[in-house]
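In the two assemblies presented below, subunit A is common to both, partnered first by subunit B and then by subunit C.
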Partner chain A sequence: MSNILKSRELPIVLIWIAVLIIFGDYFFGGTALRTAFTVLTVDWAVIITNIAIIVGALAVLQRSLNIARRERTEKVERFMQTWTVFLAVSIFVIGVTLGIRSSIYSWVYNYILLPSWQTVYTLIIFFMATASYRAYRANNSYAAVLLISGLLVLMRNAPVSSSIWSGFQDLGSWVLDVVNLAGTRAIMIGAMIGAISLLIKVLLAKEKILGE
Partner chain B sequence: MESDAKMSIIQKIGYRKMIYLLVLVATIVPMIYTVGLPVVVSKQTSDLYEFIEKLPPNSNVAIAFAAYAGMYPDAQAATRAGLVHLFRRPLNIVLWHNSPDGPMLLGGELKYVKMGSRIYGKDHVILPYVAASEATTSAMGTNIRGVFSVDSFGTPLDQIPLMKNINKATDFSLHIVMAAAGGNEEWAVRQWNIPHRVPIGAFTISIVYPALIPYWRTGAIVGMTNGVRGGAEYESLVGAPGPGLRRTDILSAVHLLYVGLIVVANMEMLKKKRSEK
Partner chain C sequence: MSIVVSGRLSQLVFLVLYSFLVIYGIYRSVVQGKIPKVRQPAAIKALEEAVGRCVEMGKPLLFQTGIGDVSTEGVTHMAMLSVLSYTSALVAQKNAKFICSTPSPTLFPLAEAIVREAYVAAGKPDGFTSDTVRYLSNDQMAYCSAVMHLMNQEQVAANVQIGFFQAENLVTLEAAKDLGAINIGGAYRMLRIPDMAIGCDFFLIGEEVFAAGAFCSQEPLQLGSLLGQDMSKWVALALIVVGTLFTAFGSDAIVKALRL
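On to the complex of A and B.
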């Protein structure tokens, strides 16, 4: 049994089955293929996602507890790790026992989790500001083109720009709708061709990531 | 080592501290002194608004609510204005959650929606969270009951009057992806628009917006909003001022600060190059 699980052929067979079901459903349809497709994509996707969440949560808890237990860990760090574990377990227990519509869970979410996440995300604004000063320089002609495009899009997105000069809207929109369009299309088409070639390599067992 | 006389003010204070301070000022001052500059509505935003406005009464609209807490401030204005608009029109709305944060965030936004004579189950339904993936989006396009058996309150779909004639993508006149942080809109285009010809609308964040422009140009996406800026545009179209229009001054101030910093940095670079010559 262990030999089968470790074999190089097993993942390739599973991938072939998945590909045949998905391609078959897309091109030919039919009830049997549709059922197999739903089981594969929905049921198994949910099962794998939930297992991943459990594994991830346990790994984070274990890591935090290990750091807290270590003798060489500083007191503040030890306290923060223990506090993190306590909060995580408490919120989990509240969510499971009282439900996510309970007032306690809503309070925790709205007044602790939401502001924390949004603060972390919003801190980017400071790094973007320093980056615009440090890195956005017209050192050569390519950088100058990038700089001008960036400035035009920046001005387009600033509501005040139309009060300064209405042309900022048109120029910024041109950069987004024409220049960006060409670049994005090239990337998208390239990525899809790459995905197809990767699929062919995987199906023909030419891809090294499988069992080697 | 540069002498003190040759150093710019920014270098003397330490440019990081100086810039952080400027960002703070550019954010806080417009909060206190609001100017309320007008917002020019972009073609993408007006296209989405017009499409929803022209939907015949009793059209079915599917909404994939994919808001994540961290990025939500960027999408909040458009999401709220979009919900106000959709619920104002006589449309049947089927909403499902594509993010675990969705149920918590949607509750906050629906407080701003005037339900009027709307009855849950008859003209709108909220379905629970389902893990977002292209495969799930595809499966929902052909059999919603294969993904959801009950709504978010535990009522079986077959007992909900609105859901009696709804089970697949072709039952909908529009599929809207709301507040997603990337991916969901493209899945909707590939799995709902291309095979089933369902038009797609997107209330999206600024990071995702440029990548969706090709789909808008081809008509797969009928219209879309661009972060806070797009939210402010949509609020002005709907006539429901909210967080978007309140933040336009901040948006302007911070953008102008970025432009100013770039100009200063480049002037310093040119000055340095000239002195080296």
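On to the complex of A and C.
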């Protein structure tokens, strides 16, 4: 049994089954395929994703504990890693035992997590604004084209632009509807062909990541 | 009564055709031995230079896996993991310092396994430590600040971010640029391509991201798949030209055929 689970063929077979069901439902329809598709994308997708999250969470906890136990780790970091693990496990236990609608869990969410997220988000947004200002410079010809296009679209959307020059509307729309659309479609067609190629290699078990 | 769902016949035809072309490209390269000559993108060449730079400077290379779980954007993550495999093999061979950061708990074990395997394959299993692959936070902005702290703390000499990124993209690129690090990126989403264009020294666009694994490995099979991809693009291009001509002359035959 363990040999079967460890074999390279098993994931490939499962991928084949999933691909056949998803493509079959999309192209051929039918009640049986629809049911299989729903079971696959709703039930099994949730189950597999949750298993992946559990594996991921355990890996993260294991790493934190390893760092905390390591002798050469500084005391502050050791404390922080232990504290993080303790908090994570505590919140998990509260969520599982009392439910995510319990007052304790809600308190943790409303008075610890939410303010922390908002603080970090606010700080990063300021950095993002200054980063955009610093980054969007005409360092080379491509960046210059991007900058000019961006300015034209900005002027198209700015209410004041029509008072300055009525042509901003048409010029900005032309950049968006003609130049931008043509480029977007070319890149998207190429990207989708690339994705198909990757899928074929996975189905043929020739993708290196799968251990080919 | 049609077997295929109405409006999806042409999609099925093109899917089969593109698949056939990719398989033919692989067959031609592997079985017939006609390996296509492929120009390697500057971003892939730059990976080797970036590793060399890190060795010379004694500073680490930071590889970011991109945001999101395995269940979303799986194809992009798979392409990213190919580049991670190549990059970690390079750093292991050249004894460069390496850090891989991830905001996804589901990508973390995958990245860890791939990097560990690269070190083992290079005969340097001790080079891989619990600090090599780091899970930072699955909250986008918390991850952002953690990466910026990591970059400053470790004084990275190169930053690689190829895959699925969102608003954190420009912020992390700019933070690396502030440190004087080389930025190598790659995105297929239109929203992120401008960020990559202005923030990166070298970057991959669109299909190059999916083909990155093939570019890295230079194996006949992988190069053959690139040939199939190129042939598929020629088919798409021909269809665009024919469609434009038909439409210009007042015929909607191609449009109707594509709606079958």
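Just so we're on the same page, the second predicted complex is superposed on the first by the 129 of 212 C-alpha atoms of A that agree within 3 Å, B and C clash if a C-alpha of one lies under 4 Å from a C-alpha of the other, contacts with A are read in each partner's own complex, and residues count from 1 in each chain.
Going forward, a contact is a pair of C-beta atoms (placed from the backbone, for glycine too) under 8 Å apart; a residue touches a chain by one contact, two chains touch by 3 or more.
If you're wondering where the values come from, they're calculated on a predicted model, not measured in any experiment.
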item: First, second, both or neither for A:59, with subunit B first and subunit C second; value: second
item: Which of subunit B and subunit C A:67 touches, first, second, both or neither; value: second
item: First, second, both or neither for A:106, with subunit B first and subunit C second; value: first
item: Which superposed partner A:19 touches (first subunit B, second subunit C, both, neither); value: neither
item: Touching partner for A:128 - first (subunit B), second (subunit C), both, neither; value: both
item: Which of subunit B and subunit C A:32 touches, first, second, both or neither; value: neither
item: Partner chain in contact with A:193 - subunit B first, subunit C second, else both or neither; value: second
item: Partner chain(s) touched by A:120 [first = subunit B, second = subunit C, both, neither]; value: both
item: First, second, both or neither for A:184, with subunit B first and subunit C second; value: both
item: Interface residues of subunit A shared between complexes with subunit B and subunit C; value: 26, 45, 49, 117, 120-121, 128, 132, 134, 136-137, 139, 150, 184, 188
item: Touching residues on subunit A, where the partner in the complex is subunit B; value: 26, 34, 37-38, 40-42, 45-46, 49-50, 100, 106, 109-110, 113-114, 117-118, 120-122, 125-126, 128-130, 132-134, 136-139, 147, 150-151, 154-155, 157-163, 169, 173, 176-177, 180-181, 184-185, 188
item: For the subunit B and subunit A complex, residues of the former touching the latter; value: 10, 15-16, 19-20, 22-23, 27, 37-40, 42-43, 69-73, 103-104, 107-108, 130-131, 133, 135-136, 138-139, 142-143, 146-147, 195, 206, 210-211, 213-214, 217, 226, 229, 232, 248-249, 251-259, 261-262, 264-266, 269
item: Subunit A-touching residues of subunit C, taken from the complex the two chains share; value: 3-5, 8, 11-12, 15, 18-19, 22-23, 26, 69-71, 75, 78-79, 81-82, 85, 104-109, 112, 114, 130-131, 134-135, 139, 141-142, 144-145, 148, 167, 170-171, 173-175, 177, 188, 190, 193-195, 197-199, 205-211, 213, 217, 221-222, 225-226, 228-229, 232-233, 236
item: Footprint of subunit C on subunit A - complex, ascending; value: 23, 26-29, 45, 48-49, 52-53, 55-57, 59-60, 63, 66-67, 70, 116-117, 120-121, 123-124, 127-128, 131-132, 134-137, 139, 142-143, 146, 150, 184, 187-191, 193-202, 204, 206-209
